[in-house]
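Handing you a structure now.
The chains carry the letters A, B, C, D and E, assigned in the order they are written, with residues numbered from 1 in each.
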Amino acid sequence: SDKDQTKAVFAQGRGISSVDPYNALGTTTSMIKFYMFNGLTKRDVKGKVVCDLAESMTKVDDNTWEFKLKKGVKFHNGEPFNAETVKFSFEMMNDPKYKFRLAKDFDFLKEIQIIDDHTVRLITKYPFAGLPLRCFNFTMLPPKYITEKGHAYFTKHPVGTGPYKLIKWLKGNKIILDAYDGYFEGAPAIKRVVYRVIPEDSSRVAALEAGEVDVISAVPTSQIERLKANPDIKVVTAPTTRVIFIGMDTIHPKYPTSNKKFRQAMNYAVDVPAIVKHIFHGNATRLATLIAPAFFGYSPNVTPYKHNPEKAKALLKEIGYKGDQVLKLSVAPGAYINNTEVAHAIAGQLQKVGVNVQVAELENSVARTQLLTKKNNPFYLLGIGGHYNDADLITRIAFGTKQRYSTFYNKKFDDLRMKAGSTLDDAKAEKAWEEVQAMLKEEAPAIFLYQQFDTYAYNKKLKNWSPRLDEMILLYGASLEK
Amino acid sequence: MREKILQVNDLRKYFPIKKGLLGKTVNNVKAIDGISFFVEQGETLGLVGESGCGKSTTARVVLRLLEPTSGQVIFRGRDITSFNSAQMRNLRKDIQIIFQDPYASLNPRMTVGQMLKEAFTIHDEKKGHEMEEVEKLLEIVGIRAEQMKKYPHEFSGGQRQRIGFARALALRPSLIICDEPVSALDVSIQAQILNLMRNLQRELSLTYLFISHDLSVVRHVSDRIAVMYLGKIVETADKHELYTNPKHPYTKALLSSVPIPRPGAKKERIILKGTIPSPLNPPEGCRFNTRCPMAQDICKTKEPEYREVGVRHYTACHFSQEI
Amino acid sequence: MATYITKRLLQAVLVLLGITAVVFFVLNLTGDPVELMLPPTATLDDIAAFRADHGFDDPIIVQYGRFLKGLCVGDFGTSYYYDEPALDLVLERLPATLELTLASLFMALIWGIPAGIISAVKRNSKTDVLVRIIALVGQCIPVFWLGIMMIMLFAVELHWLPTAGRGTFWHLVMPAFCLGVFTSASITRLLRSGMIDIMGKDFIRVARAKGLSQKVVVIKHAFKNAISSVLTLLGLQVAALLGGAVITETVFAWPGIGRLAVESIHNRDFMVVEAVVIVMALGFVLINLIVDILYSIIDPRVSY
Amino acid sequence: MWNNLKRNKGGLIGVIIIGLMLLVALAAGILAPHNPNDQDISQRLIGPFWTLKGSMDHILGTDNMGRDILSRLIYGSRVSLLVGFLGTMAGGFIGVVLGSLSGFYGGKVDNIIMRIVDVQLAFPFILLAIFIVAVLGPGLFNIIVVAAISSWVRYARLVRGEILSVKKMEYIEAIRSLGAGDIRIMFRHILPNVISPAIVIGTLEMARIILMEAALSFLGLGVPAHVATWGRMLSEGRVYIVTSPWLAIIPGLAITIAVLGVNLFGDWLRDYLDPKLKNA
Amino acid sequence: MGNSILEVKDLKVSFRTEDGVAFAVNGVDFTLNRGETLGIVGESGCGKSVSSLAILGLLPQPPAKVESGTIMYKGSDLLKKTDKEMQSIRGNEISMIFQEPMTSLNPLYTVGNQISEVIKLHQDLDAAQTRDKCIEMLTLAGIPSPEKRLKCYPHELSGGMRQRVMIAMALACNPEILIADEPTTALDVTIQVQILELMNELQRKFNTAIMMITHDLGVIAEMAHKVLVIYAGRVVEYADVNSIFDSPLHPYTEGLLASIPVLDDVKEELNVIKGMVPSPFNMPKGCSFHPRCPDAKDICRTEQPELYQAGDRQVRCYKYSSLW
């Protein structure tokens, strides 16, 4: 039937937690949010920040950003989008009554000034270079609709400016979205999009092969070859914002990882290229630190540690490390692609230089709680990514003092990255970020590994779609052949 | 007159029936409801009655395997219902029991030798030469000593009953309560056991309380007989007296009901109507009134007194004189 | 009867109390829900403040007391993850699980009952041997393995059935089958031995001696007597089915409460886990009560 | 016993399967051609010898980490047996003790234990297992704890029931009338009669526990990764089900056959020890 | 012989069990006449029930196997009949009462249901007539207020009542033969008398031939016209009731009679048959009674005696043959 021709189905392993945009934590939930809502800015496929509902943005001074808004944008219910909308959304976000989970992310904002119907100014509390990126998540809410119907109703029947409208959310099962033909960038070609939750990897692949699903992500590495051989299916692998590393605890003195030389030795001992080659078939980018090439501030001048077990042994000898202690490496199986295999491979490599590392498999939330309460193992495999991952965010949460995932408390480092983060001049900022990376390499609070790629497989009938750096599968702009 | 080795006075045993949320006692099964009898040294007292009339309960209460609801059990002049556990342990050497079911009364997982030896171990007796004693015991009951290592299932019903006897005899008791010891046995085996019991009684000067529902068997083994009906003893007398001159209509009916293995020996039958009422709601007045062929109005209201109607002949019937 | 039901329900309350306590205390030992309630940018100080604000710092006993107090007025708490009433979430997913368990129960019964009867009646025949082998293997196959194998065969290779998810009748076939296999095997085996047992009873011989045909003897006299043991088994199997549903629901992407529970455990979504467990336990208790009542309907000797 | 076994084909098969498993588990060091944990990433996913890519060096092929499947299978039997056996023992011990207390003393003790049993029964088992593993972390010992917790109820109920019926037997009254005390009656006369049905339940429980270990591994909650177990092999292999189906099929079959063996043995044992237990 | 209705010849039944082959019935011959009661006595396990089940074709096969013999009923061999043919005979022409009234009724159905079942099966009656017939039968069986009893479940009745129901059921279709397998063993004496009296009365009324199986010689003496004594699966003596009791021929019969205490005749010492019944798995060679027989001779230990004719009686003992 007609309907079938324009229905696209995509599937991932997890369901979403909410359709309330300001409570949308996590990549999957955010992804569905961006079908229905727009921010002032957005990230393009490659991760670059560009305008979305804004026509243009300019820095007025260190703490003031001016956004000109697009005209003629309408919410699904016909309500117009204008400066008032921005102010309303900001006030809503900050209203303590709602306890929005995203509110924390926007506490750099002081106020919104309406200049005219389609111009607003965002005033920050301190200079914040990451503002344009952050605004991507500052999605616009319909003031009239929410005022009339109330927030509770809104969370069940969300209305946004996005290309799709929510039809049905069957929790843990699927989400049905229908095209919003009045979308300001033009009506979507695919009239209905269905998101399905299929937790089991093999079932998900099977569903794609059976033609029930058009796009899947997180294709198991082992399946790639075979799916490539399927004439109906296309497999693409693309980098993501997710960066994987093995954190080393520097705050517990009883751990040898509190010794800088030890940490450096670990970086020498690990053969990351071999892991990338064998476990990922090349589908990962080795990183010198945590900052991926796509991030603003990436410096090619800071090069990765060379695989050099001899040097590692020498360093260990230098500090007199005996290797008599069993050191645990936590990993939460299934949290990231092939992470258990990586953990085991690394444990093996570390054992070869005389460090007795054993893998401890933990349930993801147990592992995270351990980190949160700093009752962690000396080594922990961790990945940080998501739709607004950038140099600032990742260096902060991974290695900032008193950050939830950090076991590296270093005042000098904090100062360095804060300076970089608040420098609004691009050239100066790049310089500052290079310093940050150099320091990270030197201090080695982690065994730096790679930027994760995600592998998508999709039905060849799907056209004009490509994977995004931020791991979201967005089908606006794509079309489905008969 | 011989010594009364056991005297039971107005003994009662009620089993409470609990119901409802809080397990309130709503009623009682009056399994035995005020019985009195005595057993004299060296005699056999037969206790007969139909199924469910409380014979086994009597046996268990006398042994204090069940605690009586009220009444006295006087053994050799001492009321054992108030004995503490140490006293009871000691008393256990004196009173023993044999059960009806030869299959249920031996532990299937112990050899006969182990089982018999246990009697001594419990009471710390015959240290060191228990096995000799076990052999002696088996010999007494007519089982070859080499069969000591066998398990109960390797024996026939009659042999098991002998082993049960051996166990009861181990501690040289003076009173043995036999709860239907031959009911489950074939006639030819039954005769073997009855003869054994009789011989042992003579040799070891035992006293028996012999429980059975088979009047022919009871008559064969007993000196005196007590007849039970629905938790009460309705008549007690010397064997001969009871069989020739029953003073209770129930006893009469019972006697007349027993088939005689002699063709043509048909006699006057008293066929009772109906069945035994439930001990949950025993009839008012005389318990037998619902089935009694000669019941009068008084029987429905007034419980007859249990009194002496002849020499060592007791009965509980309003009209015992007219029988 | 009424007293009996009241008594059972009171006991059920005790059981539920026990279960909620176990869940609450164990979950609290396993991790921290706050982890998931704040964006990654939140610092340790933010987290501490948040925690104090939401009462996560109170002693567990106090938290549990609060939870119980809520329960008394029908408040199962709010999901940390979904930010919605926990009970609503469970009730929303309950139909899926009910559908799955009932379908699998149905499958188990339509195979298990005839198979058990035939196997018992034709004892030691070839059919019996075959049925027994099938039942035995059914009890030995890991459910998830069977599920994956079936998806490969019926969905990917043959395209007969959809791979996963809930929707049409056809979506139900594989998961229900998978889940039903073990139960059906148990029913077959139990019914077989029950029937063999009953077939040796005196009243069966009497029924035969009346001249009744084999069919009447088996169905009217033997089966009705044997069914009570199956009923008891079914009551207990409910727990197994609900447990098995957790795995089956994962393999077949079935959006039931089993998977909700697993996800919620991973998310440390205490309230949802509590709600699922309470609902499951309540289901178990009720089903067993129903079984008991059915029992007394089938068997006039049983009265409460 | 042996004669009886010879006549019972199922039991014989069961004993042979269990015997082989025991042998394999004990002699794993000798039988396994490779170290089960030797990874060789360049040798990953080689098929069994009968497939195109297969070689005799890895008879059953290699897994995603290049480990020899046969060797892992051989070492895996250890875990299955160990978890199965110790889990059964632990569960059996708890269950028998509690069941005995409950049955022997009755009253309050009975009431309390039976309420715990109710709670346990009404608790969906897999969720409980997930809980326990989540608290204790994955690990051999913890899996055994889960196994024990999940199975004690069956013993407790059985033992309680048996004790209630044994308690009424005349030989218990006989021994009591000989003057024996509670302890003697309990240990010498009641428990021995309850043990054999408990052993029968034990074999069936062992089968269940082996399946359970596999199920927990499937959910990622099994023993730690460096230990080869069938459940984990299956769980890891399942994503390769289409490309390298043997990865999932072989351990799946191993589990099924092992469980079958234990079940067959248990069925026979039940018939042998106690024909009246057929309905348990 | 025109009066005879059932003739059993050389019936042999064995059981194939895990412990070997049990020879349960090793040669049973007898004739049952119309309106007559045949008493069958013997100790537990001697094959009384198996023989009677064989007549109705109710032996569980396997493990049971009829090794040989014929059971002639109205001129045809019951052993050769199909199951369908047997079904129309069972409960209709030949019916049976079992020992255990407690377990012989299906606990899940009302008494009415279970009686009407047999009536509906063999008689062409409508519902109301069936009901009337049920009530009539219950009344005959001496059950008070039968209308009420129809609605009772078995557990609501006492043992004696249940046995009456069984009798009502067995007689519902006016059978030619009633096989009563220890109908009163489980009952109290006062109830036993009631039941035996009832059976006598009904026999007089319907002229039913009764096979009365029991191990109680008292019951035999009161009920039977002829007596069949079985030992270890074989008929050892077959005679009319008076001769058996007055002058038992076979040493076993003799021993049996002497070993029972008799109510109105006090014996000091009971006579004892030494030893035990042989196991059906392991029958002694020769006469199966010889290990217990006071008179056994060499020939008894080697050769199986036949059933010898002694006057109008039959006895399986060499004493009455020319070989003695």
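By definition in this document, contacts are C-beta pairs under 8 Å (C-beta built on N, C-alpha and C of every residue); 3 or more make two chains touch, one makes a residue touch a chain.
According to UniProt, the chain labels map to these proteins: B = ABC transporter domain-containing protein; C = Glutathione ABC transporter permease; D = Peptide ABC transporter permease; E = Peptide ABC transporter ATP-binding protein.
Just so we're clear, the structure is a prediction, and the values are computed from it rather than from any experiment.
**Q** Hey, which pair has more contacts between C-betas, B-E or A-D?
**A** Taking the two pairs in turn, the one with more contacts turns out to be B-E.
**Q** Tell me, please, which chain's centre (mean of its C-alpha atoms) is farthest from the centre of subunit B?
**A** A
**Q** If you take the mean of the Cα atoms for each chain, which one ends up farthest from subunit E?
**A** A
**Q** Could you please state the distance in Å, as a whole number, between where the Cα atoms of subunit A are centred and where those of subunit B are centred?
**A** Averaging C-alpha atoms per chain gives centres 88 Å apart.
**Q** Where the CA atoms of subunit A average out and where those of subunit D average out, how many Å apart are those spots?
**A** 43
**Q** Using the average of all C-alpha atoms in each chain as its centre, how far is it in Å between subunit B and subunit C?
**A** It comes to 53 Å between the two C-alpha centres.
**Q** Which subunit C residues sit where two or more other chains touch them?
**A** 30-31, 148, 152, 156, 250
**Q** When you check subunit D against every other chain, which residues touch at least two of them?
**A** 134, 238, 241-242, in rising order.
**Q** If I count partner chains per residue in subunit E, which residues reach a count of at least 2?
**A** Counting only residues that touch two or more other chains, subunit E contributes none.
**Q** Show which residues of subunit A lie in contact with subunit D when the two form their complex.
**A** Against subunit D, the touching part of subunit A is residues 200-202, 205-206, 209, 220, 222-223, 225-226, 274, 278-279, 333-334, 340-341, 344-345, 348, 358-363, 366.
**Q** Inside the complex, what are the residues of subunit E that reach subunit C?
**A** 53, 56, 58, 60, 62, 83, 86-92, 95-96, 98, 100, 103-109, 117-118, 121-122, 153, 155, 166, 169
**Q** Can you list the residues on subunit C that touch subunit A in the complex?
**A** Those in contact with subunit A are residues 30-32, 34-47, 81-83, 89, 92-93, 96, 148, 151-152, 155-156, 159, 162-166, 250-253, 255-256, 259-260, 263, 266-268.
**Q** Given the complex with subunit D, which residues does subunit C contribute to the contact?
**A** 11, 14-16, 18-19, 22-23, 26-27, 29-31, 136-137, 139-145, 148-149, 152, 156, 190, 193-194, 196-197, 229, 236, 239-240, 242-244, 246-247, 250, 258, 261-262, 265, 273, 276-277, 280-281, 284-285
**Q** What part of subunit C is in contact with subunit E in the complex they form?
**A** Residues in contact with subunit E: 124, 200-203, 205-214, 220-221, 224-225, 298-301.
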